[in-house]
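In what follows, structures are represented as structure tokens.
Both complexes shown next keep chain A, but they swap its partner, so chain B is in the first and chain C is in the second.
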Partner chain A sequence: MANIKDIVAERFSQASVEEGEIMMFDIPSEKVHEFAQFLRDEKELAFDYLVTIVGMDWGERLGCIYYLTSTEHKTHVAFKTSVEGREHPAIPSISDLWAIAGIFEREVYDFFGIIFLNNPDMRRLFLSVDWVGYPLRKDYDMNDKANEVSIENERQTDDTYEYTMKDGKIVKTEHAVFKPEDFVVNIGPQHPATHGVLRFRTAVDGETIKKIDVYMGYIHRGVEKLCETLAYPQTLHFMDRLDYFSAHNYHHGLCLCIEKAANIEVPLRAQYIRVIMDELSRIASHCLFIGTFCMDLGATTMLFYTLRVREQILDIMEKTCGARMTFNYDCIGGVMADLDPDFVKDVKDLLATLPANIKEYNKLFTGNVITKNRMIGVGHLSRKDAISWSVTGPSGRASGWACDVRKTDPYSIYPELDFEQVVMTEGDSYARFKCRVAEIEQSAHIIEQIIDKIPEGDYCAKVPKVLKLPEGRWFQLVEGCRGVFGIYIESDGSTKPYRLKIAPPCLPLAAVVDHITEGQKIADLITIGGSLDYIVPDIDR
Partner chain B sequence: MEVKDQITTKSMPYEAFKDNEYIEKLVQELRDSGTNVLVGSLDKLINWGRSNSIWPLTFATSCCGIEFVSLGAARFDMARFGWEVARASPRQADFIMVAGTIVNRMAPVLRRLYDQLAEPKYVIACGSCAISGGPFRKSYHVARGIEDIIPVDVFVPGCPPRPEAMIYGIMQLSRKMKVEKFFGGVNRQESQKEFLRQHPIDKE
Partner chain C sequence: MFDFSIITEWLNNLLNSFLPGWLTTTIECVLIGVGLLLVYALLALFYIYYERKLCAAFQCRLGPDRVGPWGLLQSFADMFKMLIKELISLNHVDKFLFALAPYLVIIASMLAFAVLPWGNGLQIIDFNIGIFFLIAVSSIGVLGILLAGWSSNNKFTLIGALRSGAQMVSYELSVGLSVLTMVVFAGSMSIGDIVQAQDHLWFLFSGHIPAIIAFIIYLIAGTAETNRGPFDLPEAESELTAGYHTEYSGIHFGFFYLAEYLNLFIVSGTAALLFLGGWMPFHIPGWESFNHIMDYIPGVIWFIGKAIALSFVIIWFKWTYPRLRIDQLLSLEWKYLLPINLFNLVLMVLIVVYGIHL
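And now, the complex of A and B:
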């Protein structure tokens, strides 16, 4: 780590360093682009993966924190910047360095009103064009009458803006999202193939897709703002409702982050239970993926086969957690309740039936000629693009990027476990599909190793009833079912988080649709969207 | 229209349903008003048909939608009740099961979908988000219950409701359909809205 510090100090003497779990540099706002480019391009650093951009409101100053990871050196770094004034805060954009940064910056603009100079598409992301105020600012009026629910159609606009700095002044220029000659087809928000309420505005030339404008926010529920008003244990239940298939994994992530901050040691039994639950949800999630994806492609019957396994897993979870979907099982310091007496037996029954089931799926679907024709070579994503777009999880690994957090930054008991990271190189829809099927096998393999070894002991550590975190900031990554899930907590020493940022894996997955589908046929949009397997409430939060 | 004392559906015994004063009131009203024998018999026939093949619109915004998928699959199998034909177009559906949170941006879309449904149309508010905003009630971008946007016939509580609860909810809708006047009643345009205005659901 000292190495990074030296290399940076050589070039940027004005950068002050804040040591912590992740080294953080403080950069003056005008140097942001230069600094980011340096971190990315310097051979010894090679921070090529932008994990997230956290918008911040520090009272007098607004700013951003950028989290970066080097896929080559497996190192992390962060840098923050801030600007004074709340009227027209402006920071240079890095959207030309990372493809995904454009979307991340739009999110920050939407929530904090920070303008990113030279970002060619500076529209709001989740909220409507006529929304008053920036909701994540601390002085935002939650009860503003102007923002009430209306049944009048939202004003639509095809214009987007670019802000540039000219002679010390911010100049606003207007662009159109689509060209006048474009033929634009609207898909969604109520469309069975968009997996929820996502909307694509698709410019087509005949059957070929020219450009897709992904329109989000149809289920933006303001979880991050809500978390700021709740005590730490109360924030946990929102994690169930983001990506509802990764409920356990997301809970695990937030719990780890809070435990890290509060210095709470989790009993070994709880760690084992958490990992087993994580892997069970991964199997259940991938099973549902196979079902719904095949349904998108027209093979409705597959859903009934895959849901059979999913229902079996839900039964196991229901016995222990008491719910079928929103479990709220992991809590700070461990888990809410001990395992059901039948748990081990039930899981073993599941593991015994799983190989036969997977064999059946492969026989019914994977080897099918129609399936292969519809998937092989469709929606190719290269490794370089996957990193630039921050496409993680099975979709990223299908492109040859080994991005599994369980391997790269292992947490809990994962370092002791023997499992393989499924990485494929084709990068097409078929690889994404096969990657998930193979991951079911790996998850089963993980559970097999530890199901008999769950240690006796407490299932939850003793945690103070009123939990206060010390001042500071923490960042935690876990592997959700769809990719890397990040949690950022900034605490001011009280019982509530000052800022809780959720970095979901599905936002990049949805954003990359535009890039992947370019030049593909419109019928393949369904295949590509299905194979990326985004969950819309996770995109919008 | 001649109304039997006990309104049941799908060979469920009457006792299996919890007290539903709302439906009892509708029965009483039908009895009091009285109808022509011919029209009454036709009503009964049509209602029997309608209540046994209610087609939902595939409409899901979040978690509840996944339970709705489970409801359609082999284990809970809503096909045995005649509800399995989930339609992607509102023009072909009988009811919307609003499964999930409705936010500001979605509200006009939901309203439009509702307007596109063919009469007679029904709405089930499924899950606490659709009923009241649920855990997101205090948020800046959430509709606090879909009742402000569209009229609701049945509320199914839960977060998310179990598939069994959804079955129960749709059965209640089916019971309601059985005691409606069809001719001169719900077959008319805009009658549903008028009907719900006159018969508001007491939510407690």
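And now, the complex of A and C:
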């Protein structure tokens, strides 16, 4: 860590350092682009993966925190910047350095009204074009009169906006999203293949896709804003409702972050239970992926074969958690309730049936000629692009990027477990599909190791009734079923988070669609969308 | 085999004996029309039930089992629902073409249905270009699909219709060529003659390798002709919601739905007639007593049984394979099926010319 500090200090003397679990530099806003480029391109640093951009409202100043990771050195760094004035705060964009930064900056703009100079697309990301105010600012007017529900058709814009600095003034220019002669097909928001309420405005030339404009925010619920008004244990419930298939994993992530901040020791039994639940969710989620993906390709029958396994897992979870979705099982300090007496037996039954099922999937679908024709070489994403677009999870690993948080930044009891990180190099839809099938086997392998070793003891630590976190900021990554899930908490010492930022894996997954579908067929859009496996509530939050 | 023409002749003579000629013809036409429509509708209802049950079996489900015993009345309930549903009128469509399209589709399928031979003498018309007529009228359907897609004023339906056009025109070739192969073998285009020629042995067995190749190609192309999976691109639900009939409701949608199932029957019926001897019982040369027992089963049952068995295969395709992509679909036809088919036709001609068949 000291090394990073020295290298940076050599070039940027004005950067002040804040030591913590992740080293954070404070950069004046005009130096942001230069600094980010330095972090990315300097050989010894090589911070090539932009985890997230956290927009912040510190009262006096508005600003951003950028979290970066080096895929080569496995190190983390963060830097923050802030600007004065609430009228037209402007920060230079880094969208030319990381492809995904453009989308992250749009999100910050949407919530905080911070303009990113030179970002070619400064539209709102989730909220509608005529939304008044920037909701995550602390002085936002919550009055519902300000933004009444419109009974008109959906308002939308056909232009993107770019802000540039000219002679000390901010100049706004408009660019049309599509050319006038483009044949634009609306795929979504209500469409069977978008897996939720997501909209692709697709310019096509015959069956060939020219450009896609992803339109998000149809189920934006303002989870981050809601969390700021709730006590820490209450914020947990929202994690079930983001990526509802990785409910356990997301809960785990937020719990870890809060426990880290509050210095709570989690009993070993609870840690085992959490890991088993995480892996069970992963199996269930990947099974559902296989099913729905095959259905997208027209092989409806596979859905029922994979749901059979998922159903079995949901039964197991229902016995212990009392729910089949939105489990709300992990809580601060451990888990809500002890395991059901049948749990171990049921899980073993599941593990016994899994290999036969996977064999059947491969026999029926994976080896099929049509399947291979539809998937091999379709939607190729290179390793470099995967990192630049922050495409994590199985989709990133299929492109050859070993990005599994369970291995790179192990948490809970994962360091003691023996499992392999499935990494493939092809980067096409077929690799993404096979990667998930292989991950089911790995998850089963993890559960096999620990199912008989769940230690006796408490399932939840003693946690104060009113939980206050000390002042500070914490960042936690966990591996969701679809990729890296990040939680950022900033506390002002009260019972409620000052800022709780969720960095979901699915936002980059949806954002990258335009990049990898160009020149492919409409049917390939469905294949690619299916193989990326995004969950819309996770994108929109 | 029992000859149904005895009954039809008798009825004709009976009517003629006390009615003027023009009235007899009118009454016969009406009777045939009503009978045809009835069989058409009942078969469609059966097929809907049949496919749902089969699909359920493939997917480890039970399928419809609530309405009536074993869910037998489910399709009737569905039909009544379809009949009483509102026809939603849309604002920005070409109203005439929009309304015309479903009728074109269903008329095409009814016309093709009309020339199928159900049994010995149980056929509406047997003329010397019967099989040619069947191919010709079944191609009218694509016109209806194109019109439906175009007149709906919707981008999804338009893409669906254009896909359908490309697909139908391409696969029509394969269907035509494999039918032609069998016509060469039978030496006649009359459906009656083709069936009669399979008296001793079905063409699939007597036609050597070319017949088997033609049969396989016909099944593939026929599946594509009926827009069924894995060739269901025109209505690929995960891409185009419902393809060309997205905007249709009520009975107009019902027409597309019925026609789709009946086309399935027509395709398998035609396959049965060309390759599996139509209404001819299963005969093995030399096994006289076995052949005699087979003759006891009525021809109607043979024909419908064969058609349903072939439909089973086509339904099996649909519920097993994923869908092809449009370019893969077209390259399959133009790069593989068509050359194989042309070669196959030459092979068949050689076999017929040199008389090396059973």
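What we mean here is this: the second predicted complex is superposed on the first by the 539 of 541 C-alpha atoms of A that agree within 3 Å, B and C clash if a C-alpha of one lies under 4 Å from a C-alpha of the other, contacts with A are read in each partner's own complex, and residues count from 1 in each chain.
What we mean here is this: a residue touches a chain if its C-beta (ideal position, glycine included) is under 8 Å from a C-beta of that chain, and two chains touch if they have at least 3 such contacts.
Please read these numbers as outputs of a predicted model, since none were measured by experiment.
Touch criterion met: A:A523 reaches chain C, while chain B stays clear of it. Of the two partner chains, chain C is the only one touched by A:I370; chain B is not.
When the two complexes are overlaid on their common chain A, residue A:F304 makes contact with chain B and with chain C alike.
Legend: residue contacts after superposition of the two complexes on their common chain; A:W401 is shown touching neither chain B nor chain C. Judged by the touch definition given at the top, the superposed model places A:N186 against chain C, while chain B stays out of reach.
Shared-chain residue A:E207: touches chain C; no touch with chain B. More chain A residues lie in contact with B than with the other chain of the pair chain B and chain C. When the shared chain is aligned, chain C comes close enough to touch A:C294, but chain B does not. Shared-chain residue A:F327: touches no atom of chain B or chain C.
Taken together, the two structures place residues 191-192, 303-304, 308 of chain A in contact with chain B in one case and with chain C in the other.
Across the complex, chain A meets chain C through its residues 183, 185-186, 191-193, 207, 294-301, 303-305, 308, 364-365, 368, 370-371, 373-374, 521-526.
Taken together, the chain B residues at the contact with chain A in this complex read 58-63, 65-67, 69-70, 73-75, 88, 100-101, 103-109, 111-113, 135-136, 138-144, 148-149, 159-160, 162.
Considering their complex, residues 55, 58-61, 155-156, 159, 163, 229-230, 232-233, 236-239, 241, 319-328 of chain C touch chain A. In the complex of the two chains, the chain A residues touching chain B come out as 126-128, 135, 140, 142, 147-154, 189-192, 196-197, 217-223, 225-226, 229, 237-238, 240-241, 244-245, 288, 292, 303-304, 307-308, 310-311, 324-326, 536-537.
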